[in-house]
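Labels A, B, C and D are assigned to the chains in the order they are written; within every chain, residues are numbered from 1.
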Amino acid sequence: MERDMTVKSIPLAATSSGARKATDLAAALTNWRVLLSIAALCLLPWVLPSKALAVNVLVYGVLAMGYNLLFGYTGLLSFGHAAFFGAGAYVTGIAIGQFGVPWYGAVLLGVIGGGLLALAIGALSIRTRGIYFSMVTLALAQLVYHVALQASSWTGGENGLRGFTVAKIDIAGFSINFLDPVSKYYVLMVFAALALWFVSRILNSPFGAAIEAIRENETRARTCGYDVERTKLISFVLSGLICALAGTMSALHLAFVPLDVLHYQTSGMIVMMTLLGGASSFFGPFVGALAFLLMEDVFSLWTSHWQIIVGSIFILFVLFLPKGIWGTFLARVVR
Amino acid sequence: MNDAIRNLGQRKISRRAALAGLGAGASFLAMPWVARAADDTIRIGFPTPLTGPYAAEAKDQVKSAELAIKLVNDKGGIGGRKVELLVRDGKLNGGEAATRTLELIEKDKVHAVVGALSSAVQLAVNEVTRARGVIYISISQSDTINEKKDSSKYTFHEAMNPHMTTAAVARHAFKKGNKVAHLVADYAYGHEMLRGFKRAQAAIGAETVGELLHPIGAPDYSTLMPRLRAMKPDILCISNFGRDQANSIKQAVDFGMKQQMKIVVPVLLHNQRLAVGPEVFEGVVGGANYYWELESKLPSAKTFNDAFRAANGGAIPTDYGAYGFTGVSSLLLAMQAAGGTDTEKVVAALEGLKYDVAKGAQHYRKCDHQSVQSVLVLESKKKADMKGANDFFNIVENEAPSEDVLRSCKELGFPA
Amino acid sequence: MSAPLLAVENVGRRFGGFVALDGVTAQFEPNKVTSIIGPNGAGKSTFFNVLSGVLTPSTGSIRFKGQNLTGTRQHKFVHLGIARSYQITNIFPELSAHENVRVAAQAARSRYNIWRNRSHFPELGERADAALDSVGLGGKHNETAKFLAHGQQRALEIAIALVSDPEVLLLDEPTAGMGPEETKDMVALLEKLARDRTILLVEHKMKMILGLSDRILVLHHGRLIADGSPRDIQADPDVRRVYLGQNDGYA
Amino acid sequence: MDAELILIQLFSGVALGAILVITALGLSIIFGMLGVVNFAHGALFMIGAYAGLWVASLTGSFWWGLLVAPIMIGVFGMAIEWLLVRPLYGRSVDDPLLLTFGLSYVLVEAVRIVFGNDGIPFPTPSQLTGVANLGVGYFPIYRLFVIVVVAVVLLLLWLALEKTKFGLIVRAGSRDPTIMRVLGVNISKVWLLVFGVGVGLAALGGVLAGPMRTVNPEMGSLVLIEAFVVTVIGGLGSLLGSVVAGLLVGVAISMTALFAPEMGTIVMFALMALVLLVRPRGLFGKAA
């Protein structure tokens, strides 16, 4: 009853000036986001300093995009996504190198393997809330790291997994030289395009609306009838699947899986890329991957202390540009 | 570019220098975009971990690799062609190093690759080079690279391997009837060292009283010490690397182990001795590929040291630094013999090469391309016995190079 | 008296040593408005939270259309036909008003569907539009929720609850923070809704309660101390003592 | 395996646990009060070791290092809170975590620039060198000293929290910050101080660890993970939880060392996974 007295008067009219109406450009960017993204990625190898860097942007872009599904769109800050990236890479490498599985089968197995790991880690960690979730995913992913280190007969342990170079890819009678950087880029580009389409598919779907609702207001979403835990778990697994795809791409690209892919610093790097580019924007993760890798490349050319620059830039983004490069661009320029 | 790398070589970069670098950054920013003009320069790629815990070793490697290049260029290069070293930061991460190596091959069109410090990074680089038929000279200590599975026609291993190091150390440190306890890092490199020691023990007649594995990167060894002490060994062999070596030796000393037993390591690391101090390392015995004091007995070491001192303000080359010199020099000598950069010819020249650039006679064995070389056994000095800031060790043995101390070609999986 | 739609039997809830709700028994008939009143800390919010599945009761049971709901997970309540609103505005701030309601409507079906577009289910959008219109937000469909005026946000929250077409609607202080004009609009809306729904209402504005309610429950220290028509409650000596002793003042 | 070995092993476990407790404590305090996960905790631990070494080399005494460095770094921690973390209150709970994650990179690299990549020797203070015979085995005197310091710090912390007005405010504030504002307590000052104390404790852990381990820029990275595991097992924000969990993890590692020492790191994570399965909010964690 005191409540009525303490509340300040509230203007009745809606502040329509603050309301944001989508312009035609923004609408076009959203409707054509998959094709526009693919077009942009097609140009990448010709504007970047090296083809290997371009492939890395593809790999880490897909990785950050998968992560963004969970972080940007579902609102869960996982610090353990290196586990799924690594699982995809390891399963692919082991399938090719130790079981002689053809590359396409190995990619499929890698994605499934990463998805299963995501199901296990997700089932354990979804039960926890908020900051706790971040720490639990981090610790469980470190468990995976140490298991991979110990299981060296499968993973190569600290030495890394090797001996599965894919030199050529045969599709429908065509033989593509996979050692040629340009051919490799465009083959992996197909995977990236698939991932782009898949994520766009999810975001357009009713499920995409559900995870956004959970990010916006978990309590409300639950009251509306969403099984929040189950929805989060599905999102976690979908995110894990895409990150695992990035892992298989990385394995095919480098023909080597370093143990470091599972380390928590890889998870941290994914978070940094996603945030730099812009969490909860569709193309942001690719922009973030590009920005991060370019910074690393350029700064590490002229100082071995490049991490102090990258770290500082990241801090500035957290403080002043939480929407990231692409997110800010969309908000300021396009709107 | 080389100026940039030389900047890296300096131990410490002041903040002001870093800011000045920022100012000059514009030109560097443009660097990667500049397509390399097709000229006849001989380009050698050099991935090394300038970032991370082994940056000091990496910088030493860069310095001595650049010295090797400079000495050749001063004499007019190879067949009139200048040689250039392209240093890239592998960040002690296999994925990074593989990417940098891909760039070196695909974009910079290097004629050969030398480098790597950790076993994993070396294997990652090797995976890239051997698939593309590019010569790679590894300077990372490892047994794995010798084995058939990871070998290739184009892969050479200039560094020592744990098998030869442990054999030399054991021959010096173990006596018949000694009881030996092992503390081993639980990963490939640790297991390789353990295997080497146990083989040598069997030949000498020393007995193993126990072996404990520890997780790699462990900061605390206190829970292992009671068991090690209970084994009552004469000798404690600690088979691990880097920070692990520093931590485990330090804690063994804290637990009073040195009063009861002798501490032996496969490789006595210059930078870890620097990091932990003379008191802790005093009396510890271990192997090394190079120690600057060799100059008192060996002319080639003297020449190398003098050139290094001249180029680096009087500093001495360290163990890992020397690998940069011997590794790059062997490649340059082979290129000279082959009269250019034709891969097949250079491979043939490397296989036939006999060289002595810093540590006595060396050559690559035919089957696994392992560099057959001398192995030093060092003992860490008491603080009171040190004659200078860099006077860390006594050379207690200099094992002559011999193929006999290597695992046989057959054992490695090569046809006899 | 028709058969009860919703019945609570001896429902209690404790937090550690603190008893927030103590053995409440009541039945609710279809299409009636029941208000729950009581001083602050009387257990009204706990009662609502138990009725909507947010909290599991420590003792007793809840039955809805004969089905025992005790221990049923919260998200299932709305599918069964019990929806609620919150005292503090609880909406999806970054989504448009339309999407706020549409996403609520969609929870009933196609929750996990990733293979269709949202627009593939036009009836959900139509229902959202209808719900928005019914709460008087007809012109605000595309407005971002956080930019709506306070009263409009409260209305939006009711639309979110309404779109599931619930048989029971639990409204926790729907006019909280509203000025007199907005309150009047809200009362009109509630009167309209009350025609064909069972409404449980927690409110502090006594005039509004007396005008709207068919029946009033009074909670005090977690106990049900009175249960009757507005007229009975106004005459009840226990209720008078509880309220007058505190000088909370009826509006 | 004889009883004597098991006993000394148990003791080693408790001793290791004491080190884990001191590393986890600062993380736990800051989280309990501010709800901030300090990802730079490991880096500040490392900086504490360097600061201790620096002060010790200036004054020629380990004891000054032990006393001054935690205060120095604690004040530095307050500057971090004031400059970097404070602007983020009221935003997503993830933001301070992300910021301190970036900060950890900056701090580690800054130390590399100032002190170089190599480690630096941190000699054991001469009064505390040597080993003591415990009857069941030998143990370094310095490590026994660390156990005593940890016990004293815990006691002081307990007294400060339970017996002082400041402690009362902190405990009440960690339950409901809005109440503090209603009561007219300047909560931001309390937070500043708590952040400083948490960071100071991290630094104290670093100084104490210095003579046991080598001092190098990477020494904090595993400590961060260990501290996370301990606080998650103990229950985020629970001091008692951190203490119990620290000892539990220490003993688990030392017992594992009896038959499979190489599993020492894995057992820590396995224990955590187990606790999470049975009790998702940790042993002493508050219900959501």
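As a convention for this text, a contact is a pair of C-beta atoms (placed from the backbone, for glycine too) under 8 Å apart; a residue touches a chain by one contact, two chains touch by 3 or more.
Remember, predicted model here, so these are calculated numbers, not experimental data.
Contact with both chain B and chain C is made by A. Among the remaining chains, the Cα-based centre furthest from that of chain A is the centre of C. Centres computed as Cα averages put chain B at a distance of 36 Å from chain D.
Computed centre separation for the pair chain A/chain C is 40 angstrom, with centres defined by C-alpha atoms. Between the CA-based centres of chain C and chain D the separation comes to 47 Å, rounded to the whole angstrom. Residue positions of chain B touching 2 or more other chains: 13, 18, 55, 186, 215.
Counting partners per residue, chain D has 112-113, 262-263, 265-266 as the residues that reach two or more other chains.
Multi-chain contact residues of chain C (touching two or more other chains): none found.
Applying the touch definition to all chain combinations yields A-B, A-C, A-D, B-D. Residues 1-4, 7, 9-16, 18-21, 201-202, 204-210, 212-213, 216-217, 219-228, 230-231, 234, 238 of chain A are the ones that touch chain C when the two sit in their complex.
Remark: chain D residues 31, 35, 37, 84, 87-88, 91, 93-95, 97-99, 101-106, 108-110, 112-113, 225, 228-229, 231-232, 236, 262-263, 265-266, 269-270, 272-273, 276-277, 280-281, 288 touch chain A in the complex. Only residues 1, 4, 7-8, 13, 18, 21, 24-25, 28-29, 31-33, 50-51, 55, 59, 89, 91, 93-95, 98-99, 102-103, 106-107, 119-121, 123-124, 126-128, 131-132, 144, 149-150, 186-189, 215-216 of chain B touch chain A when the two sit together in their complex.
Within the complex formed with chain B, the chain A residues making contact are 49-53, 56, 146, 149-150, 152, 156-160, 162-163, 165, 167, 179, 181, 250, 254-261, 297-298, 300-307. Against chain D, in their complex, chain B makes its touches with residues 11-15, 18, 52-56, 186, 212-215, 217-220, 222-227, 229-230, 243, 246-247, 250-251, 254-256, 271-272, 274-277, 279-280.
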